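Each structure below is given as structure tokens.
Across the two complexes that follow, chain A remains constant while its partner is chain B and subsequently chain C.
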Partner chain A sequence: MPVRENGSLKVWQRRSGRESLFHWLIWLVGIAIFAYCWQQISNATTWFFVWDAPRISQDIWTRATPPRWEYISQLGKPIWDTLNIATLGTIISLFLAVPVAFLAARNTTPSALFIRPIALLIIVSTRSINSLIWALLLIAIIGPGVFAGVVAIAIRSIGFCAKLLYEAIEEIDATQVEAITATGASRWQVMAYGIVPQIMPAFAGIAVFRWDINIRESTVLGLVGAGGIGLQLSSSLNVLAWPQVSLILLVILAAVVISEWVSAKVRAAII
Partner chain B sequence: MLRLEKLVKTYKTGDQALKAVDLDIPEGQVLALIGPSGAGKSTLIRCINRLVEPTTGKVWLDGTELTGLSSSGLRRERRRMGMIFQEYALVERLSVMENVLSGRLGYVGFWRSFLRRYPQSDVDEAFRLLDRVGLAHMADKRADELSGGQRQRVGICRALIQNPAVLLVDEPTASLDPKTSRQIMRLICELCRERGLAAIINIHDVALAQMFVQRVIGLRFGAVEFDGPPEGLTPEVLTTIYGEEDWEATIAPVDEDEETAVEAAE
Partner chain C sequence: MSAPSTAAPLPIGQPWRKPPFIKRPWLRWTLIIGFIAYLIAAFLTIDVNWSRVYDGLERGKQFVLAFTSPDFTSRSGDIWEGMIESIVMTVAASVVGIAISIPIALGAARNVAPLPIYLICRSIIAVSRALQEIIVAILLVAIFGFGPLAGFLTLSFATIGFLSKLLAEDIESMDRVQAEAIKASGAKWTQWINYGVQPQVMPRLIGLSIYRVDINFRESAILGLVGAGGIGATLNTAFDRYEYDTAAAILISIIVIVMALEYLSGVIRARVQ
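Right, the complex of A and B next:
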């Protein structure tokens, strides 16, 4: 009990004696685990290479600067591909995510027993596999190139978009839906009038947010051959062309900063 | 015209919200449903248009039995029952006009409603109704820009454009200030009289109910405790409906009004 009688005084403490003891014990266990893990990692590390790190990074820095500016003429097309992968992938994933979200939301699913678990499974499975791994799989199936990248981004984003969207659907004001139902509207009309207007702001926010994430994800897809600027990055790394690598990183940084700026503007305009 | 026969609603939790309620409402009668919170008032009117499925019992609307209807039959009958809500229940992000026209959803097809291509007669009627409640200039405003009283007027328009035979009104004034409450109650009762509509009005404010309706039903623990004219609401009756309390102050204002009216007439 946090409140304890001390003569006529009522002393209040956040935790009782036993609770605070338990609290400290938890901290002690946590620190012990951390120390143990640190030791394990330390044993598995070749410390010679780590102590070497400042010298090596200094070396790479001198090799990478200045960036090879004239290489930019070859980066226009790849960065454009990257933007296209992100944008098309996001659009396709939204088309697929909307029905999944409606099937997964408790208040709109046709069957909470059979269909909802399937929708949730789609959400979990697409979310849990990284887009790089999706890309590797898809390159094996449909061959290397931009299309594999688009599909990888699209599949990877379904779960994310559908999850946020179905949470938005579950949070809508039920009385507005009730009111539309009471007019004698059909199931689809209830959806179009009672539900869709309520989730539009969330939908727009999710779309822009995911587009922003996808630009970052699609920059690395080329590493495995799924198109975009990552392809140039990987080939430059392979031939140790550090001035090209540094230029590519600068271009990616610029693209990400611009996309962040755009998505922040759009979100501010909607909400 | 609207008849409830032994209507029972038992929720999954085992709570019996309605215990065999019998009620007969003739054409054009406006009745108030009073009773403490949890007495089953909301459940009762929602069982009529089956927003809540009644457990057993029957509901007759002009010779059609509602509880046994298929979903398409139910939608057809829902068009004849306009509903007005406590928190207005307008679709906040749609315009006033769209909200009013949504009352026609039971009559137009999906694509027409989706593309907002309502028949001109519906649009004319919507403008007429908005004009009647004094909101013609607000048609293009978004619903969430309106004040409480204005929103409830839009809610009334949405219910009336259905061309209903009966209005189901759930606490229309609970979120409104006293003056607006009276205006809204007066408006609802006037419109019912103009159109010969029957109405069931759930209401907490006993004095307000007495002011406007012809018949009062008192509900307690899901059973009808009182059924009579508003003058019949004596302190003893209110005690049976709500429990022990000093009721003189609640019903006095109406009596005083009547007395002063009588004195003035003399």
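Right, the complex of A and C next:
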């Protein structure tokens, strides 16, 4: 225990001298980095606009309230599209994620040396690129529309689902698998009767969890042209129809809250 | 050995069947039928322009090929600038977001804060979690003008909701005994937090913070699409000009940085826990 001697008095200290010096250095470096970053941001900012911000935000608020409620009749189809993008995207991504997860899990991969790294690369690269970027890319390739949104959500979700799923596969109880193997089951039978029942709750939980996230993400995919309610949002923003924007934001908020509630309910029922 | 009492005795000659995942038959069939009906309805309403998709496959092939020969050089200035801006935004927003979320997390933990403060902090968290980064970014760009400041504020705001919620949950599940021991020694409230609570939640705070830095970097890559600074603007331009090799270079840089961050966070989390 580090103790500082102050004459005859012994005072307890949390850290020894070297430790506290090290801590102090870390803080110094951290603050220096932050100061540099802040300076960069500050240089790139037009401060006049920032000082003007309260007036602007008040202006936007007066324009945006009250929301244009009758516009909701035009939002039915976009919301249906958004729901479809999220749901179909999740389903497709689950079909793609299951094999990737089995190839990535240490205890089921056919080859830890060659195939596992490839599966892990698929997981990392699909996870690290946001669905908006995937949508941007797919719109350039297959044209704007709901289909591009579905594919973007599907690709983006592979990494997430496969990562959680392969962690679940790695944590399964090996004795059950061994028991099935001991009955003389083939590789696929071991899979179906030894592994799948163990990961089924995790799988259902992941599917619903990802669906919830996908509802959130699909609401904004339209900003780049991939269909759904975001398309209405971006066109309203482009013509500065703030009452419509505020209504759309309310609808998106409601959709997010509802989907979160559904997913929490379903996951509680499963677990 | 006797059979478990719950399993119905099987008549001889009838093969065993897997028990279904959802036990109640009516719920199972409603879910299956409803799901199929939904799928049919969904497929009927999505109109895919297959000829457009077919035309696009050629471009898709070009893009995939571009990944084999990414062009880092011809737009290196723009990529470098955008990346630096993204990283600067990430670092600054993470620092500010974490600094703000610690007091909010303390306020949102029921065993530390009184009820009125608890409710205020919980509603801040709920608002921050319900609004998406990109929508917040659109509003902030409209208010503060284009540039990294809007992105920085967006990411800080999003960090608050994420970090405070998880940290508050950790504070709520901490060991009461240690905290009480500090209190019994006559510590003031600040000392109690500093010596009784903080050491218990520190490993989790560090782990969550690093994870959030990782998320913030990924998000900062798209904020440029709505004018909030960062690499997204460069990426968007590259797509618009069909410069797939430059876009591939940007995407590869993002993936590499995310992988490096993930590796780093793994190492740091293993050390603190």
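We adopt the following convention: the second predicted complex is superposed on the first by the 255 of 271 C-alpha atoms of A that agree within 3 Å, B and C clash if a C-alpha of one lies under 4 Å from a C-alpha of the other, contacts with A are read in each partner's own complex, and residues count from 1 in each chain.
By our rule, a contact is a pair of C-beta atoms (placed from the backbone, for glycine too) under 8 Å apart; a residue touches a chain by one contact, two chains touch by 3 or more.
What you are looking at is a predicted structure, and each value in this text was computed from that prediction instead of being measured.
In the superposition on chain A, contact of A:L249 is made with chain C only, not with chain B. Contacts of A:E178 after superposition: chain B is touched, whereas chain C is not reached. By the touch criterion stated above, A:A207 is placed in contact with neither chain B nor chain C. In the superposition on chain A, contact of A:I41 is made with chain C only, not with chain B. Once the two complexes are laid over each other on the shared chain, residue contacts for A:L103 go to neither chain B nor chain C. In the overlay built on the shared chain, the residue A:A162 is in contact with neither chain B nor chain C. Shared-chain residue A:N84: touches chain C; no touch with chain B.
By the document's definition of touching, both partners, chain B and chain C, reach A:Y193. Set against each other, chain B and chain C differ in how many residues of chain A they touch, and the higher count belongs to C. Residues 193, 197, 200 of chain A contact both chain B in one complex and chain C in the other. Remark: chain C residues 18, 21, 38, 42, 45-49, 52-53, 56-57, 59-60, 63, 84-85, 88-89, 91-92, 95, 130-132, 134-135, 138-139, 142-145, 147-149, 152, 218-219, 221-222, 225-226, 229, 232, 235-236, 239, 242, 247, 251, 254-255, 258-259, 262 touch chain A in the complex. Across the complex, chain A meets chain B through its residues 173, 175-176, 178-186, 188-189, 192-194, 197-198, 200-201.
On the chain A side of its complex with chain C, the touching residues are 30, 33-34, 36-38, 40-42, 44-46, 49-50, 53, 56-57, 60, 80-81, 84, 87-88, 124-125, 127-130, 132-133, 136-137, 140-143, 145-147, 150, 193, 197, 200, 204, 216-217, 219-220, 223-224, 237, 249, 252-253, 256-257. Partner chain A is touched in their complex by these residues of chain B: 49, 51, 75-79, 81, 83, 85, 87, 89-94, 98, 102-107, 110, 113-114, 155, 158, 162, 168.
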